[in-house]
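There are structures below to look over.
Two complexes follow with chain A in common, the first pairing it with chain B and the second with chain C.
Let's look at the complex of A and B:
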């Protein structure tokens, strides 16, 4: 505000700065909140068809349908949460040692190794997942929770490893050396000093992996369906069937964990960790 | 008590890639001794300290503590506590947790840790700060926490990596004395790395001067100050005035030939092995005495140079003159100011005039600060 006052003294037009600003912020708000509002309306619409810009009847019957024992939403939600949590556990179990090694050791081709984690994303998802599905079918992983978890891990590992590497690089090696010097073995120093200091960054990487897993569609579809149904799949089938009420409620269910975790990320992910991603 | 060979280094060498950082370091340190490793940056002094702490292995040689080979022991098995230049305090732990960490590792009961941490805190003047995180401490307090953390484990050997360099000049002076007094009281063997000559002089029993990865000289502070073994040590210890003279040994005297700026004279050899030929002469500004040109300047053995005052300034306590001798300029201090442009005589007493034979080529003043030219006598 104060910045606007100073040029106003010289230039009378400057007083009108709020006009373009207001328009830009208004448009941004519309593009962000417009679809969300539409989605919220759909979740409580009983009857809503084309020429009407607002629902004709409101009600919660779709909610009852979704949460009915045969609605499938609870099953998908449970599956999605279990898979997401397992994906986080497996990804971190791989990313912590990998990130530590990439941050601390003088590895040859370090950049190349970091880039290699991007490979699952470098090719069209469909091609990759169709082939994974074929292989998993042979080793009987298709249609199982571990199968879906593995697919999600391959997808989320790039975030996990990159952020973990950044988190460990941000910790001064002398802090570990100080612990070693006072009598801590290598692993004890890691547990007492490095891990607690890297925890915010690791937490953030866990959250990213969790959200990626909740959202993931293609892999879940090829490897999981029809035995393991996930929320995005439910969203897809209901929306494709024209049932926007059910689709919107499912979308809302997907949105809640995302919002909660974004708030946590905002608390935990410090700028100094982010700035080292990829270094 | 072992007077000798408590901590022994034999033929230590270290290389970093293709660079030889340390060559042939032999050092024997007695129990309870305070040794300062002195050198300019890049001389290998920090490498030597990290090698002692076990963070890097030597490429040759061995380290022994009480005749036990520790060369390849991991850092946690050495019982040497290092105070880092950056302090390396753990930001997620409180002051008390930082100091008590080493005791926790040893499995000391919680109650005893608390008492010993409290004792350490009052010893270092950190009372009432136990619950603070390092980020909420001042530089001086952090330095003391780092010291407390190292001392809490009762180390036999304390390694100090320029622990005073991040402190304000004023605090640094008091901490020097505190640290030295504490080390004496606890009877710890201390190895202190520094590039600060005065700090090393004030604190250490013995100074080891490193140059390009080699020991240039070691001895008591007064030894290295008054009897530098090489031109490098003389320059490093403050004898920055450099002149080139010619001379020949005659009995127990070294006769110096007359030159454009000095009359002939002689100084006692005093056991120095000087060969005939060109020599590099070094002396400190405060060792020189200034006289007006017509005054009689010879008081005792020494050499008198004649020149002209080029500039004068008052850095405090005495007047500092820049005196031009031929094409060279030297610095000399005096109680009173001489006018710029006036002719003066600069008398350097024999005991303050350090003479060194020149190596084959005349390129022997690597860190001379007055290298504006040279006078060949």
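Let's look at the complex of A and C:
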């Protein structure tokens, strides 16, 4: 390391630095993992009441309840997955042509167009969802799966378009030109050369959109509830009803994909794509 | 067909979604805020300020306090990742701080609700360690719980941005100041932070806007009065079907978020002038 570090390594007192470090890292770990550990305990607690600091009985009866055919959770899980997958399909169908155009073709007002997709993230959006719900109520989209998908698409589109644009601009344009020179049509060259090369970046944008949809609460609350039940809504209603076991299991179902994604995101989002996001 | 036209045609469907599903409802909400039983007027705003002035102040104080705490925490984390001298300690911190980043707000609300309760895990741990007596244990599920939830969830995001910006600044100035005997705290505050001020501000503004629009955290942690504007909007619509006052509240939170962005724009223009 640096020159300052070498004498410190020889100094026996340097080990004492681990005392303040240990205290600070320990406190951070307690506040980060404590709530997560608490959640895990609740998912397997059969009996847990004041003033006991740990559950009195452990078991999986709440898990059985959640995954029972009439438990209601299965319906929410299925709805959530259907909505998230449809959101990914619709977002990518919109974002792949848009991203390609923004990366490759000469567009007037390119910067403004890119910025337009950020609008749903840059304004407090609660009041927007309230008014979307009113519009959807008029055209009978309120309380339907397509309605919820549309709301999620508008919110996730910024990830889809920005990452797709970055993914396409990270690819060498000459490769596509070479395919054209060999006689491939424009669409053929895009399909056979550019699209496969952009696939890892597009995969990353798909995962972002999927998670964004899975975790979305506010839009689903106004547009979906009470007809379309989703996992975040189930979590809210069970927690409000004081059923911490079911609420914690639902929370865990939402948590696991997010944590897995955090661990693998760097595999899909390479530095060459990442450095082009938003440009 | 010209390339420009083709390009516009390819972008158009995506732009249409934003226009119809975001900008149109946004305009509806701005117009609706001034509509009282079909006529235009200030009625919704008088009613809003009569009922919710306390909540407006509460929201501003909570979100501002959280923003300041997020800023301090992310400077500390980013600073240690950049200037820390012990590679093992830096690696531990790098592994540790990112966990809450992708956890959804609704889950954050649920897990902190059980963690911060009067007989929750935090108080229980302190009691078992002898740091707290059971009689002194209090619930943190009020404004403090909301602040903790916001800081818990948003700090990793801002710290990630800040640490990235800090990693890309020129090491020579840092080394030069270090050789002149500057302490690490002075290095951080006088050399590193000024160079990442722009990134830090962008991260904090994005967090500010996000916190202004989160509904699940106030609903899960503290839905009693005083509460945040988002919970009031939901209550207004669900209990009374009162879209006028809901839209007025929405417009107020919009103005609050916009004024923060405006302060930032003015500061950055001054810097360039």
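The rule we apply is simple: the second predicted complex is superposed on the first by the 244 of 279 C-alpha atoms of A that agree within 3 Å, B and C clash if a C-alpha of one lies under 4 Å from a C-alpha of the other, contacts with A are read in each partner's own complex, and residues count from 1 in each chain.
Please note the rule applied: contacts are C-beta pairs under 8 Å (C-beta built on N, C-alpha and C of every residue); 3 or more make two chains touch, one makes a residue touch a chain.
Owing to the predicted nature of the structure, the values given are computational and were not obtained by experimental measurement.
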item	value
Three-chain arrangement built on chain A, chain B and chain C clash or fit	fit
Angle, in degrees and to the nearest 10, that opens at chain A between the C-alpha centres of chain B and chain C	100
Partner chain in contact with A:98 - chain B first, chain C second, else both or neither	second
Partner chain in contact with A:47 - chain B first, chain C second, else both or neither	neither
First (chain B), second (chain C), both or neither touched by A:185	first
Partner chain in contact with A:177 - chain B first, chain C second, else both or neither	first
Dominant contact partner of chain A by residue count, chain C or chain B	C
First (chain B), second (chain C), both or neither touched by A:39	second
Which superposed partner A:197 touches (first chain B, second chain C, both, neither)	first
First (chain B), second (chain C), both or neither touched by A:131	second
Partner chain in contact with A:267 - chain B first, chain C second, else both or neither	neither
Distance in angstrom between the closest Cα atoms of chain C and chain B, superposition on A	12
Residues of chain A contacting chain B in one complex and chain C in the other	none
Complex contacts: residues of chain B adjacent to chain A	53-55, 74-77, 79-82, 84, 86, 88-92, 101-102, 105-106, 149-150, 153
In the complex with chain A, residue positions of chain C that touch it	3-4, 6-8, 10-11, 13-15, 17-18, 21-26, 28-29, 32, 85-87, 89, 92-93, 96-107, 109-115, 119-122, 124-125, 127-128, 134, 152, 175, 178, 206, 209-210, 212-216, 219-220, 230, 233-234, 237, 243, 246-247, 249-251, 253-254, 257, 261
Residues of chain A touching chain C in the complex	1-2, 4-5, 8, 17, 21, 25, 28-39, 41-42, 50-51, 53, 94-95, 97-98, 100-102, 105-108, 113, 116-117, 119-132, 134-135, 150-151, 153-154, 157, 161, 211, 214-215, 217-218, 221-222, 232, 235-236, 239, 244, 247-248, 251, 254-255, 258-259, 261-262
Partner chain B, residues of chain A touching it in the complex	172, 174-175, 177-186, 188, 192-193, 196-197
